[in-house]
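Just passing along the structure, written as structure tokens.
In this document, chain identifiers A, B, C and D correspond to the written order of the chains, with residue numbering beginning at 1 in each.
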Amino acid sequence: MSLLQLSATTLPRSADALRSSVRGFLAEEREQGRYVPRCDNWLGGIDPEFSRRLGERGFLGLTWPRRYGGQERSPLERFAVTEELLAAGAPVAAHWVSDRQVGPNLLRFGSEDQKRTYLPGIACGQLLFCIGMSEPDSGSDLASVRTQATRAPGGWVVNGSKVWTSGAHVAQAMVALVRTTPEADRHDGLSQLIVDMAAAGVQVNPIRSIDGGHHFNEVVLQDVFVPDEHVLGRIGDGWRQVTSELAYERSGPERLMSTLPLLLEWCKRLRESSAPIDTAYADAVGQLVARCWTLRQMSLAVAAGLADGAMPATEAAMVKDLGAQFEREVIEVIRRHIDLEPDAGSDDPLTRLLAEAILHSPAFTLRGGTTEILRKIVASSLGAR
Amino acid sequence: MSLLQLSATTLPRSADALRSSVRGFLAEEREQGRYVPRCDNWLGGIDPEFSRRLGERGFLGLTWPRRYGGQERSPLERFAVTEELLAAGAPVAAHWVSDRQVGPNLLRFGSEDQKRTYLPGIACGQLLFCIGMSEPDSGSDLASVRTQATRAPGGWVVNGSKVWTSGAHVAQAMVALVRTTPEADRHDGLSQLIVDMAAAGVQVNPIRSIDGGHHFNEVVLQDVFVPDEHVLGRIGDGWRQVTSELAYERSGPERLMSTLPLLLEWCKRLRESSAPIDTAYADAVGQLVARCWTLRQMSLAVAAGLADGAMPATEAAMVKDLGAQFEREVIEVIRRHIDLEPDAGSDDPLTRLLAEAILHSPAFTLRGGTTEILRKIVASSLGAR
Amino acid sequence: MNGNELDDLIAIVEKICSTHHDRRHGDGHLLDRSSWQALEESGFTLVSVPEDAGGPGGTMQQAAAVLRAAGRVGLAAPLAETMWLAGWLLASSGVPVPRGPLTAAVAEPGEVNIVEVNEGWQIDGVVRRVPWAGAADTVVMLVRRRSDLLVVRLHPSEISLRPGRNLAGEWREDVVCRKVVLDRDRVTTAGPDVSARGFLNRATLSRVLAMSGAAEEVLSVAMRHADEREQFGRPLAKFQAVQHLIAQLAGETASVVVAGQAATLALEQESGPQATFAIAAAKASASESAGRIAAWGHQILGAMGFTTEHALHRSTSRLWAWRDEFGNERHHRLSIGHQALSTDPWNLIVGQENGRAEADQGVS
Amino acid sequence: MNGNELDDLIAIVEKICSTHHDRRHGDGHLLDRSSWQALEESGFTLVSVPEDAGGPGGTMQQAAAVLRAAGRVGLAAPLAETMWLAGWLLASSGVPVPRGPLTAAVAEPGEVNIVEVNEGWQIDGVVRRVPWAGAADTVVMLVRRRSDLLVVRLHPSEISLRPGRNLAGEWREDVVCRKVVLDRDRVTTAGPDVSARGFLNRATLSRVLAMSGAAEEVLSVAMRHADEREQFGRPLAKFQAVQHLIAQLAGETASVVVAGQAATLALEQESGPQATFAIAAAKASASESAGRIAAWGHQILGAMGFTTEHALHRSTSRLWAWRDEFGNERHHRLSIGHQALSTDPWNLIVGQENGRAEADQGVS
């Protein structure tokens, strides 16, 4: 028997047409000067207007039922749309977690009311969620969450704080992992609540990243009331909900494509140069393109597995581990070969993309599961624990 | 205060002359067809005749007192001789541990009688020692040694077996780490004994390596009698003796030069080629030469520290860790750039050296302290334990 | 055939080889005749060769699964050469495929010269490092003559061999033909689907598939060892550093497996530039992974894996050998790099021909 | 001066900078004037500039130690440029070195044109990415004019700047001179020991030395963090994976420190090709290490190190910036590679000129 359960697949023909559509949309956006391609734009490129236009064109909630505003497309069709947005360095951060995680979670665990209330708004790009998981001092240890929800008439009163909450400053709502049963086991006492960001007692403090950008926030919750109908699924199911989404969260093409705009820009530069291609450049481009092709095939194989109803969490962890390494490799290989000093303020796109990529690079192997966590998952599922 | 205690140094002028001497000797040896340069020859190149000629010319026991057959040269002069022998891929394995470890250990811990008995023989290249440390099942855990020495009239009776004993099949004597006090603490019960390989009860079984070569042995000791005068230093001092030599054992230039003959052969090939140097080749050569220069400076700094009486065990562990990585990097970079399939039986030196280097490469990060052990030592000495 | 059925196929081939493995002759030093015969009897030596050419039929994916299985067990026999290269060359050119181990090679321009003579054909030249040439009943050679591509069948008595081995001890001899005269029927015009590029693509892919099996074997040996061995009083598998090595080993192994599968799918769809790209990308990536897999496998095994007695080196030495055969990573990177820089690299990666599809107006 | 005395020197400079550090203006966004003034008052801004040129004297090794210390604290000021480049250029050319922050640059051939005019000299051109140009009281420029090498002193009012920053926010502006006319005494013939190569060697080495300090700081920040923080109920430092990262971090850091020291020793002995090689090797190796050190440092720190509030990025962003300044690793590898392939690479590595010494007949 094979130790690893992955089978390569190809995208359906129907994805080609969708891919062309999104390319057309992106070309139009660029022509109109509505965005400039950036690296790691699914974290850094917060542009609610762009998200709204994407929603208007039907590129959000692609796989969801039509009755909730979705398009009832297959996950593999969505894969094509996602990778095109990433390759183009489009500013997709505002809606990213809503479309990737919150929507699917609501579909799986939410009440009919919750689905009807939130999904159409997400799908048309008007309702932005954020996700509150990490806490100060919790590091990679999610089970150590201490934000406390206390029973109150008709709901819960929440106290605590969340950190590294990306997009909290633009989101209207947050799915927060909180402790609803203090005395219970570390895992069983957790639940997910939908918090209205406009509610009394919610305070968002910016955390500035080393690239100077404002992607992350601290969200302080002080006596925030959350009505019972905003509990996601059942009380006590938080841990199961959170871990079940990890394969979705970890295997997507964004886990290997954060620096792809840099690679594509470099290739463009080389292609436009009149000089003959130096073998060193061909070697470097070939190295990155070959690896990207392979990791994309892995990501696609996991997506196909998920679409078939499997839960390839181990394989997703591998894709993310290898993908993050690749995202760094792109930087290292390219910077060695270009005679440019990275400068985030430069007018030259390549110089600027390189600077952005480097300054974002520490996060690649930390977010969505650190290297250490991912390797533990993989080794453990293979029996080494 | 600096966390690391290393200061770069330069070799004394006197080393230049010695370097020239050994180069002259090696050129003569090659001209006479007495040896062919090989990778990792300090493990694989067992040639007692070569060792004898080296001893005759005064290149062994270089730093030892003249009264024991030494040359009373400085350790930094010895450094120059050592690195020349390694760069030339000379067959130095037969005497390697005798000259590097056994001699210095005898000088520090041996009785006057032992010094007079063994050192002159080692220094003239006629007496070859091996070292018996590892045991079956002991892995990296030296303190788990189980070979037992039991008290007997006038000496000890030894039972057990040693593995990975390089050169045991040509050595006349072995320094063996054995347990002399079974009930004592793991470390305190250990002692080192000098075992005559011709003694009754000593059996040497070859262990064939994946390159097909016979470098290692299993040495089975069955009721082997070792007289009291063959105890090295004091009973119970074995652990201290063994660990005190580690800085010597780990920081030498052999820890980064095992694949240097491959690099030098490739450079020769490129130099002799009539084609202009491709930038990719210049880049690759530059990468390896630059790194080699740096690691040699580190090795030299440790040697200078040792010569000054310091005991830079942490720094030695770093040199070995980085050195072993470099030895592999040489292989990986070169094999990518040459269009040759490695073949150990080839007449072409480059093809053959590449094959040898690859087949020896697994050992680089295992012998003399695995990567895991070395990193533990470094982290621990910095306070992470 | 879905993934599970392919897994079953792999298991059957593994079973046959482990049952019949000739330990005396194995280890790459000689042909493993017992395994070969058992495989041949079960019809596994010509998978994907059509029935009308003497094979059992079967899909490319099935053939690929068999090659991966052979890579796992380190089969010392020219299975890829017989089934996937010589068998394909002959069958595609309308020549029945004989039984027995075969090999095949493409003569680089200028290496081999072929001319018509009275009695038939005269062939002269040397082809370097032909896999298993000394073990093959027939050496099938693809030779260009002016604008024709010819398929030549040579028997052992007609050639001489210059010795050569890869790092796993597998035969890689130079085949020398010194003005050999062959009957007319030993030379056939290659079929329309045959090209030197197509041959090299298949050869290259065969090594990716074999490496994917060898990598899986390294992973499984390493895991077993980590589970069974203790150090400092704990099983190796409990050490975080060992866990990391295993996880990395698994990740790289999965990448080789998926690369092999995806390249097979690409070749199944078309044999043009997209397949050439996919196969080159798979080999470049797999050859890079192979070195890491071998190194990590040995690191987990420790000194033990360094001896000929332990099975590990049978897989690692094959990884070291195969990563360089039919082009190492740099070879393929260069061709990919030039291809990527003459078109759109992103389209290459997603397998999209430029303008392949019209925009879908049905969205939203 | 031995290693311990150099360590003391480093400690003093660190102390001064940490006492006077202007937190408001620090972090590379502006000149840290308080630290600068404190250093200048203590005579640390011109170490190794001879007394007769207005400096305090001192050895190259002392200057190197000061630059390493400045790298540790991430001093936001042109210390290397003042002491090690402009100070050296001026002193070597017989010009007294003024107080205040200076910078220096060498104009590449064709970048800057200088001609004699009635009143003195006219200078025209652009020099790209001059470190701290906007913070310097004088920009010292080394310009070739036919066979002469000229040292030109420019004041802020005579130049315009095009903005630029490195990843650490340090100023890297283009200096633009538009037909600036200078008095005769502002241009001096460079001293006999000055060359463009020599200038670039010193500039390159300054970045190695600065990186060695920054790397030490990353190591020390990471160790402190691993010691203080807990995860899954244990201090980070107890995790084997973290221990490995720390050990690797320490090893690479030591390699940068030693490379900087060894290259300084080489430059102290001679300023010819051996020093050029040693400095290129040190920079190639250190630039390679810098990326690893930054990555591992951030990996140990986790998300926390990713914020501007934490000190870590002050060191890592400098490593990322400095590794590319005055040539990244590939730049220096290429020059080393060509040098190694035109002579004997082994002699280069051991710093042996061919046939430097006769064989020692005294052995045995």
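Observations, loosely collected:
Just so we're on the same page, contacts are C-beta pairs under 8 Å (C-beta built on N, C-alpha and C of every residue); 3 or more make two chains touch, one makes a residue touch a chain.
Every value quoted in this text rests on a predicted model; they were computed, and no experiment measured them.
The interface with the greater number of C-beta contacts, when A-D is set against C-D, is A-D. The chain with its C-alpha centre at the largest distance from the centre of chain B is A. With each centre defined as the average position of its C-alpha atoms, the distance from chain A to chain D rounds to 40 Å. Centre to centre, using the average C-alpha position, chain C and chain D are separated by 51 Å.
For this pair, chain B with chain D, the centres built from the Cα atoms lie 38 Å apart. In chain C, the positions touching at least two other chains are 239-241, 244, 329-330. Within chain B, residues 279, 283, 372, 375 each touch two or more of the remaining chains.
Chain D contributes residues 2-3, 6-7, 10-11, 216, 219-220, 223, 226-227, 237-238, 240, 242-244, 246-248, 250-255, 257-259, 261-262, 264-265, 269, 277-278, 280-282, 284-286, 288, 329-330, 332-338, 340-342, 345-346, 348-352, 356-364 to its touches with chain B in the complex. By the touch criterion stated above, chain D contacts chain A in their complex at residues 129, 163-167, 172, 229-232, 239, 241, 291, 294-295, 298-299, 302-303, 305-309, 313, 316-317, 320-321, 324-325, 328-331. Partner chain C is touched in their complex by these residues of chain B: 134, 137, 139-141, 144, 163-164, 207-210, 212, 216, 328, 332, 335-337, 339-346, 355, 358-359, 361-363, 365-367, 370-372, 375.
By the touch criterion given at the top, residues 278-280, 283 of chain B touch chain A in their complex.
Chain contact summary for the complex, chain A toward chain C: residues 1-11, 13-14, 16-21, 23-24, 56-59, 71, 80, 83, 87, 260, 263-264, 267, 270-271, 277, 279, 281-287, 289-298, 301, 314-315, 318, 321-322, 372, 374-380, 382-385.
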